[in-house]
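Note that chain A is present in both complexes that follow, paired respectively with chain B and with chain C.
Presenting the complex of A and B:
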């Protein structure tokens, strides 16, 4: 199962009002961007993992993606270590690999400790961020998301567009798999035995069938929806009704207060580590 | 009997860990040059079986042999040299700017030289009946033509075996027969054809053998006549023999029919035998 698919369950997070979940999603994302202290960021990560646990979501799903992201984190750390612009703090000295005289890239080779630390913060921020969104997607159905957006004041047409786009991601993943299968069946070996760069290049060949398929589907969907009077009235009714429970509000207040605490701690501790 | 070109030995497969078996302990042998139909309800395991044969998914248990070679560890792109697979939806199988380039995609991947690719694409364009569309943009063609392009793009690789997964789905009458005739022509050249279909009349008309699947298991297998001669078993999976076969079964006593009839011509002959001629 992908981290972008709904995961059936009856946990407290599943039952939470989608509006609260949406607001918390935005709040948590903003706070993660605001925090620059590694230990506070660690606290935020622990908070997100606690929500994963409460939602009874399989941790192995997110760990699988994190394994992939660790490569990106390593790349970020390396990049920052080599190119960190204000590397004034203690520096791990290495002789420049490229002579100073070479324009633009001359002098590269000195590794800045500041850069490594900053890279680690960026990487950990990335890991925390990618852990937040799936909690929402895996515990909220597309219908709940649409209804939540409408109740938060969004025009139902835009709400539908948003949820359709969300829905499209897993189906595009499936489509891409089918297209790759079709290419393999026509002797295209890159996806199976090719090098990483060749594989990356080969992904561009998926664009034509995927885009054409998506456009065809969008056209059909538009016609089918118009045939069922979608968009005729300014407002519409819904089969499901959202009920904001006391426990939802209490949960929101608790998580919000923790976020405020994290921001305050970040200001108090200052620095990166 | 000659060695089978495809052997499926005790193959099982399930999509989810500890989930139900979509293909369960299946044993199949397909002879070279055969025109085989795979039939069954939706969810019977037809497409799963085809994906197993092509290596797109690997069996949980059992082995699959193509020309005697166990394909367990053979990459799909290598299997494709022997076995061509036309998936259900043509739109997902069109990648190129023109029909000609679409046809050339497979042979190019196989490292075939340009001259040979040109010879093959010209031949396929003609034989599949899409020569007038050679420079058209494939996704912009009609559904029938898109299906022909996709079939042509697999045939051009000259595989020994071709699998057509519901090739006539959504096609009009002419389209269905054009597609099946392309497969028939391919088979007449000695290739093996496996077709997954819901159309019993096409099975009766084109296929030598048929395998009926039900809940991931083989319910019946044999010649098309043998399969359609057992309507009571077919009923278990809600398959009805072609209408002409059912009519022949109902009139078998009156017309003294002692075999399963599959086509109108056979039935017509039997009826005519019992109608007194005017000059008699």
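Presenting the complex of A and C:
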């Protein structure tokens, strides 16, 4: 199951007003970018995981994606460890293999402790960020999202454009899997056993049917939407009604206050970079 | 009952193509009729069904000659959205025409665009759900339904807009026999209980023989024949010429004739009951 698909459930987060969820999504994302203290970031991460738990979403889904992202984090840490240069007096763990005096490549081989920490913060920020969006997508239907956007003042045509694009990602993922399985069944093994260059080339055999299929689908969907009078009037009506409940507002205030607290803590403890 | 659809010298060419996909199409459909459009692949069946609800030429472009008038609206000058309230279309691919994440959202989409008040939206989708027999499926995901259920959901989504005419373009070509039966059963009730005019393109001769009032046979973009199923399905020369398969029971009669029986052409059965009577007569009236 994709982390960008609606996940059926009746948890408290599922029932929350989509407008509140949208605003919280934006607030959380901004706060994660503002925080540069590692411990505070850890706190933010715990908060997001707590929301996952409240929404009764399977944690193993996001953990699988994180495992995939750990490679990227390791790459970030290595890069920063070797090439960190923004600090004034960085702590140096190992002296350079190539002396500083050599032009262009001088100084390579130095490992900066500050770089490692900076890389870790970047990586952790990334992991926190990728866990925020799925909570929204997995607990809000396309209809609710569109209606929420409209009630926040967006033109309904743009609202549907946005939600349709969101919906396209999981269907493309499914399609990609079908194409890859079909190729595998006919003995195409480059994705498992091939060399890197072969793998890169093999992606065209995957991309072409995906893109062609997506375009064909988009055209049919356009016909289907038009045939159901999409875009006749400047506004439209909605069957669903959004109810902003007291508990929604209370939880919004709580999460917002925690976010403020995090930012304050970040200032008090001092950002690391 | 008056004429509800009239095509006058209608021809059409797709953009950047030379040949006419439809040529000099002339026909009239009466209100409440069940019309089947048959013909080989590429004969122009889908093109004609898209021309009826204005998708051609409004969305696909191309060149049009002649007119199609649907319940007083000319498809060339009226907008697709205005036409949508007169004529509903259900497409072949069950996946591509369902684009929401809940069955009830899917059904409500069209009427929400028409700016109906909320109470009426709920009333109408409740009614449409009953017609297609999808009660209890409102909170399901359309993509997780069976093929037959998907097409019934698509029918309900169109039906909620209360069009007078329903055009179905190969609605059962991707379905198994059970799904096909479910869909045809719903289509029949649209005609019989709600008096809708039905136009359907399909290859399923058995179902057409049972339900259709008239069959339009297309060949190479032209109308080759337009008559009752009895006349069409008993005309073996016509059917082999246009590559339309007769119902299995008609083939049975032809097969028996090739083994020395002498069943007259105009008594060929097209329905299962008729075939039963024929066989009983052949084996001595038992």
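Going forward, the second predicted complex is superposed on the first by the 240 of 273 C-alpha atoms of A that agree within 3 Å, B and C clash if a C-alpha of one lies under 4 Å from a C-alpha of the other, contacts with A are read in each partner's own complex, and residues count from 1 in each chain.
Convention: contacts are C-beta pairs under 8 Å (C-beta built on N, C-alpha and C of every residue); 3 or more make two chains touch, one makes a residue touch a chain.
The model shown is predicted, which means the values in this text are computed figures rather than measured ones.
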Chain B and chain C placed together on chain A: clash or fit? clash
Per the contact definition in the header, classify A:29: touching chain B only (first), chain C only (second), both, or neither. neither
Message = With both complexes overlaid on chain A, does A:11 touch chain B (first), chain C (second), both or neither?
response = neither
Mind working out whether A:162 is in touch with chain B, chain C, both or neither, as first, second, both or neither?
neither
Of chain B and chain C, the partner touching more residues of chain A is C
Just checking: does A:193 make contact with chain B only, chain C only, both, or neither of them? Give me first, second, both or neither. first
TODO: For A:61, decide between first (touching chain B), second (touching chain C), both and neither.
DONE: neither
Is A:182 in contact with chain B, with chain C, with both, or with neither (first, second, both, neither)? first
Dual-contact residues of chain A, meaning touching chain B and chain C, are 216
The residues of chain C that touch chain A in their complex are 50, 53, 55, 58-59, 79-82, 84-85, 88-89, 91, 93, 95-102, 104-105, 108-110, 112-118, 121-122, 125, 139, 141, 157-158, 161
Chain B partner, complex, touching residues on chain A are 175, 178-179, 181-189, 192-193, 205, 208-209, 212-213, 216
Touching chain A in the complex, chain B uses residues 51, 54, 56, 75-78, 80-81, 84-85, 87, 89, 91-96, 105-107, 109-110, 139, 153-154, 157
Chain C partner, complex, touching residues on chain A are 6, 8, 141-143, 164, 167, 216-217, 220-233, 235-241
